[in-house]
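In the two complexes below, subunit A is the common chain; its partner is subunit B in one and subunit C in the other.
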Partner chain A sequence: MKRRTRHGGLVAWGFAAPALLVYLGFLVYPALNSLWFSFTDWDGLSASYNIVGVDNYTSMVDDPVVAQAALNNLIWAVVTVVVPVVLGLALAVVLNGKVRGKPVLRLIFYTPAVLPLVSVASIWGWLYNPQYGAINAGLRAIGLDSLAQPWLGQDSTALGATMVAAIWLRVGFPMLLYLAALQGINQELYEAATVDGAGRWQQFWHITMPGLRPAHYVVIALSVIDSFKVFDLIYAMTYGGPGTATQVMGTWMYFNVFQYNQAGYGTAIAVVITVVAIAVSIPYVRSQTKEASA
Partner chain B sequence: MTTVAAPPEKLKPGPRGGFGTTVGMTIAALVWISPLVLLVITGVRPLADFVSHGPLSWPGTFTLGNFADAWNIGNFATTYRNSTVLLLLKVPLGVFVSAMLAYALAKLRIRFGAAIMYTVFLGLTIPIYITIVPVFVMARSAGLTDSLIGLVGPYLAFGIPFEVLVLQSFIRQIPDEIIEAAKIDGAGPWRVFLTIVLPLSLPALVTVFILDAVATWNEFLFALILLNSDASKTIPVGLLNFQGQFSNNSTGLAAGILIAVVPILIAYTFLQRWIVGGLTAGASKG
Partner chain C sequence: MNDSVLNRRRFLTLTGGATLAAGLAACTGTGGDTAAAPAGGSGNGSKELRLFTYEDNSTIDLVKAQVKAFDAQNGTTTTVDSLPGSGAAVYPDKLRTELLGGKGPDVWRIWGGQIGAPFVKSKQAMDLSSYYTKFGWDTRLNPAAVQGMTFDGVKGGVPFIVNGIGGWYSQAAFAKAKISAPPKSYAELEDMNAKLVAAGITPLGAGGKYGWHVMRLFEYLLETSAGPELHDKLLTGDESWDRPEVVTAFTTFKKWQDQKWMPAGAVGLDPADVELWYVQGKAAYTITGSWTEAQGIQAGGKKSADFGVFTLPTDHAPDRHSGFVEGYMVNAKAGNPDMAAALIDFIVKPDTQKALKVTSSAVTGAEPDKSTLPLSYEYSQGAGKQPFYTIQDQAFPKKQADQYFAIQSDVLQGKTAPAEAAKKMQDVIKGWKK
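Up next, the complex of A and B:
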């Protein structure tokens, strides 16, 4: 009898090849090609360009918009991860308890997440409309006329206003994952704790939170990864403005490439944020790989 | 947890009651859904009625005229067709090649399997914008700018990591004995794949298909840079243009947004158990 081969050989590669080739051709290669462009002064149109070494990276240091965009990315990452995760956890805990109509409630809170981001931007841009928007109308209706303002049109509120839209659409995801994880916690633990006289709050911290540890890890990792990808919402809601108040690295990269014909500089911006995103996400990717190969 | 991409378990009914909590959650849910409710109320009233009574009032009269205007001016007949064609071209192909790769990783003991998985899963973290300049250059040199075909490659590539992540974990759980038995009966790897692995993975395939369809339908950045004529635009790009034209016509804008999102909302309502199951499976294997 022939000895069993350890590897699948050519057949396995045959099955893997189509997806791998597409993945390498349209994701890996373009990403590496961008890395190359980031060392050039290419304008995105001409047939030729010069290699300028790390000039694009050093000029980022002197670009005030990059500083603004990086700060906005950081704020965006913190706020649109922390707030949805905390709210999603709270919703999941409540939905896991004594509530009627759970399926409908779950359906509603996740609904914004399935909409195209452009439509979310349109909806919130419309709600924020200074003159005809529902938000200012609501404030005026309850006598808070002084708080009615052009939410997306002024530096002080524009970024916050875009993040509210992001929170609206991102609460559902952590809620779903926590809800699934909560169903995996042994109910007898709660019963035993109740017998021992532990209050609800104590039960939450000593049973629920430890039980959710794997879920916390996944929820936070995926939320952080997602936060670095921010582009659509900002582009469609504020176009980076007013001025450069809501620029993030993704949009500032886009403007440099497609508006200012600085493809080399633009790709350098993209490289920086991508490297940060990858560095932050590597533990997650590693854990997924390990789990699968185990 | 070993939740896999099956429809999620029904929420445990739990004890009935919790009146206060139910009221509180209902209010929270109403607040959450209120932007969409306002959108509907605004979309079905005449502009003059909206302007004179304000956005938070109940309509004095009702009309469907906004939808007709928005449909024509927003070019939705074209963008709907384009988004549908793209979805039908891309999603079945993406799911199929991802399933093939997932099978190779899960059951065929492919050499460097762990390295391949690591490389592919890393794709989950790559923002689209790092690739847009080279993708644009590639599409231009292939003569595929302003063509839906030009979007298929990049869309496939960015869909593969998640699809492979979910599918390989599902396929891994198919018992080896079933596959071995088929091999003893003389089935080659293709027959095993097509007649055993794919049918047994059906729940995961459906889930991945739906999630990929949503992502494809909603994708914006590649479509923005590669499509320029009105005739080739997809719904997100078309909606952005539309938004610009209707910025001073709130009722028309509301109608246009609804035209763009209502089909997704209906599909989501019917398919939500698959969506929820897939997201949970793709993520929570801790």
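Up next, the complex of A and C:
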């Protein structure tokens, strides 16, 4: 009886069944299918293929683009998680205070997050145009001609330039979550701290930051997972170039599966991306599970 | 070892746990057991066809009108779907996704060479040899174009366009730089570039994202330094790339960037944005095909008379240009392959080609209209009659073409010296030929 109650009984399984079937049919089955193809040399079009064991995985070790893409992914993850989260927190704290035009400012800062990624890529592509783009035009207008660069056209700046666009795009999301979380912190704590002589900085570290702990989990975990899925912005802004300078694992997987007729190898890359993403998201899932069971 | 359904099913059963579920779904495909069967069936006699193409707004209505005329004659209903502006970098992906995800279109437009090859090799596209005989296409179509749609001896496509790449320029830009006539030799081309830079005009509007213009420039420089015979042998891997002629081509290529004969950071610019700079007054000329007259000059409200076209001079005989083929393929699973072939036959009739305003048709008797497309006509009667070398996106498989472009990109950025680039390119070719 106790066991039955703990697992919710047949009724609960009955309610869950439709969603489970969809999950099995549209996620688990295709996923395992992909895992299977990672052990083959399928070209992605032909009716037949050969089983090659773990060759696709060992080939990744010798593929210089995989090493470059993995490094780019790491750089991307660190920069596009840390910078938007810090900026988003700063903006949230400012906008949570006494600032004029708060609703308008919130709208302005959040707007990039709702724009289609291809539009964002086009906007930044034009801004970065070496001859007619606003960024170089601005630099030239203030006498900094030497700083004008072909931002997306050279290896040294291309990845950084795409990350700036990603940061612009992503700041709004943590800002919104932190704003919501800030409004949940009891104001009496700040009043008491002020009476006790605590400065703003002390209040931030000892009241605000601990009060935002649950929000930190959500923001950081979702940002990290999002950063591992990077594909569209790179694809639309640089197409992985110049050369392979801005390739990330997602785009390199795509190139192999869809453009180089190496679906087996490409799916092996997809498997690796998935394993890494799952490993990174374990702390978040555990924290959520603990919260739910508490 | 060949796959069997049983093996895959056993694997799927054994791995029934969902441990790796999340995320992998984004990269799935249909199984090998569900892919196309080889051509040969006569289909189900369906009267419904679907044509997939990449026409843009300037031509899609013309295609639809001609398809409607075909339907009226044959009692068919043909749906036309288009993915405009996607280019060879994206359109084949969409096509292959359609083919893997279901039945796919009955007829599709595609580029020749290594872009069309995978569809024939995988037997997704039908062998059209019997229809070549039935409709007499061999005698009605440009033989070089037919060759571009023949893959390992299989006639997998029907060409209707043979595009030649030339220099398309603005008369106003030339006048401003006091250039009286287009160049007749490579030395004159360099002089012309220098005059344009001195006049404050960017000579070549070139964008290298996806490899396009930048690779067009390099293949021209390679033809100039290597000459026709050696160039062809390099493309087929019959001669080593690690040689002085290739080093010269890379050296000259870098010179174009250093002398500002093309925009700074050209490798990162989108060709779709840059190609029309010569029409918009931002550059003097570009390297492109005849489609630019209808889709660039005239669609932009400009007069053809204000522009011109010249052959990029190679100082060799014959004075070849870069060229490529486009045509149609028939789905190996088409419900009515006879009708699909009949649709293609209708499209490659001279009258249909003229109605479609094809500026560089592979069909005998379908030259561009001199009165409406004077520059395309001029090109077709001059350079267009010269032999061409295969555009290098079509000469190499996509992977090798991307590696080739990566080397070009490194040379332009000064990361790789020309001699080293020649060696690296030889490694790419060796890897391909293995």
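Keep this in mind: the second predicted complex is superposed on the first by the 265 of 294 C-alpha atoms of A that agree within 3 Å, B and C clash if a C-alpha of one lies under 4 Å from a C-alpha of the other, contacts with A are read in each partner's own complex, and residues count from 1 in each chain.
Methods note: contacts are C-beta pairs under 8 Å (C-beta built on N, C-alpha and C of every residue); 3 or more make two chains touch, one makes a residue touch a chain.
None of the values given here were measured: they were computed from a predicted structure.
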Combined model on subunit A: subunit C and subunit B, fit or clash: clash
Contacts of A:Leu176 with subunit B and subunit C, given as first, second, both or neither: first
Touched partner set for A:Val114, first subunit B, second subunit C, both or neither: first
First, second, both or neither for A:Trp168, with subunit B first and subunit C second: first
Touching partner for A:Ala67 - first (subunit B), second (subunit C), both, neither: neither
Subunit B versus subunit C as contact partner of A:Ala134, first or second or both or neither: first
Which of subunit B and subunit C A:Val86 touches, first, second, both or neither: neither
Subunit B versus subunit C as contact partner of A:Val99, first or second or both or neither: first
First (subunit B), second (subunit C), both or neither touched by A:Gln149: second
Touching partner for A:Val257 - first (subunit B), second (subunit C), both, neither: both
Subunit A residues touched - subunit C or subunit B, whichever exceeds: B
Where subunit C runs into subunit B (options 8-16, 62-70 or 98-106): 98-106
Overlap of subunit C and subunit B interfaces on subunit A (superposed complexes): 23, 26-31, 33-34, 37, 44, 125-126, 129, 132, 229, 253, 257-258, 263, 266-267, 270-271, 273-274, 277-278
In the complex with subunit A, residue positions of subunit C that touch it: 1-3, 7-8, 11-12, 15-16, 18, 20-29, 31-33, 35-37, 89, 92-93, 96-97, 99-100, 118-119, 121-124, 202, 208-210, 263-270, 273, 282, 397-399, 402, 405-407, 409-410, 413, 415
Interfacial residue positions of subunit A with respect to subunit B in the complex: 6-9, 11-13, 15-16, 18-20, 22-23, 25-31, 33-34, 37, 44, 91, 94-112, 114-119, 121-127, 129, 132-134, 137-138, 141, 168, 171, 173, 176-177, 179-181, 183-184, 213-215, 217-219, 222, 225, 228-229, 231-232, 235-236, 250, 253-254, 257-258, 263, 266-267, 270-271, 273-274, 277-278, 281, 284-286, 288-289, 291-293
Interface residues, subunit B side, partner subunit A - complex: 1, 3, 8-9, 11-12, 14-18, 21-22, 24-26, 28-29, 32-33, 35-36, 38-39, 50-51, 54-56, 97-98, 100-101, 103-105, 108-111, 113-114, 116-135, 137-138, 153-154, 156-158, 160-161, 164-165, 168-169, 172, 189, 193, 214, 217-218, 220-221, 224-225, 235-237, 239-240, 243, 250, 253-254, 256-257, 260-261, 264-265, 268-269, 272, 275-276, 279-280, 283-286
Residue ranges of subunit A in contact with subunit C within the complex: 23-24, 26-37, 40, 42-51, 125-126, 128-132, 149-155, 158, 229, 238-239, 241-244, 253, 255, 257-263, 266-267, 270-271, 273-275, 277-278
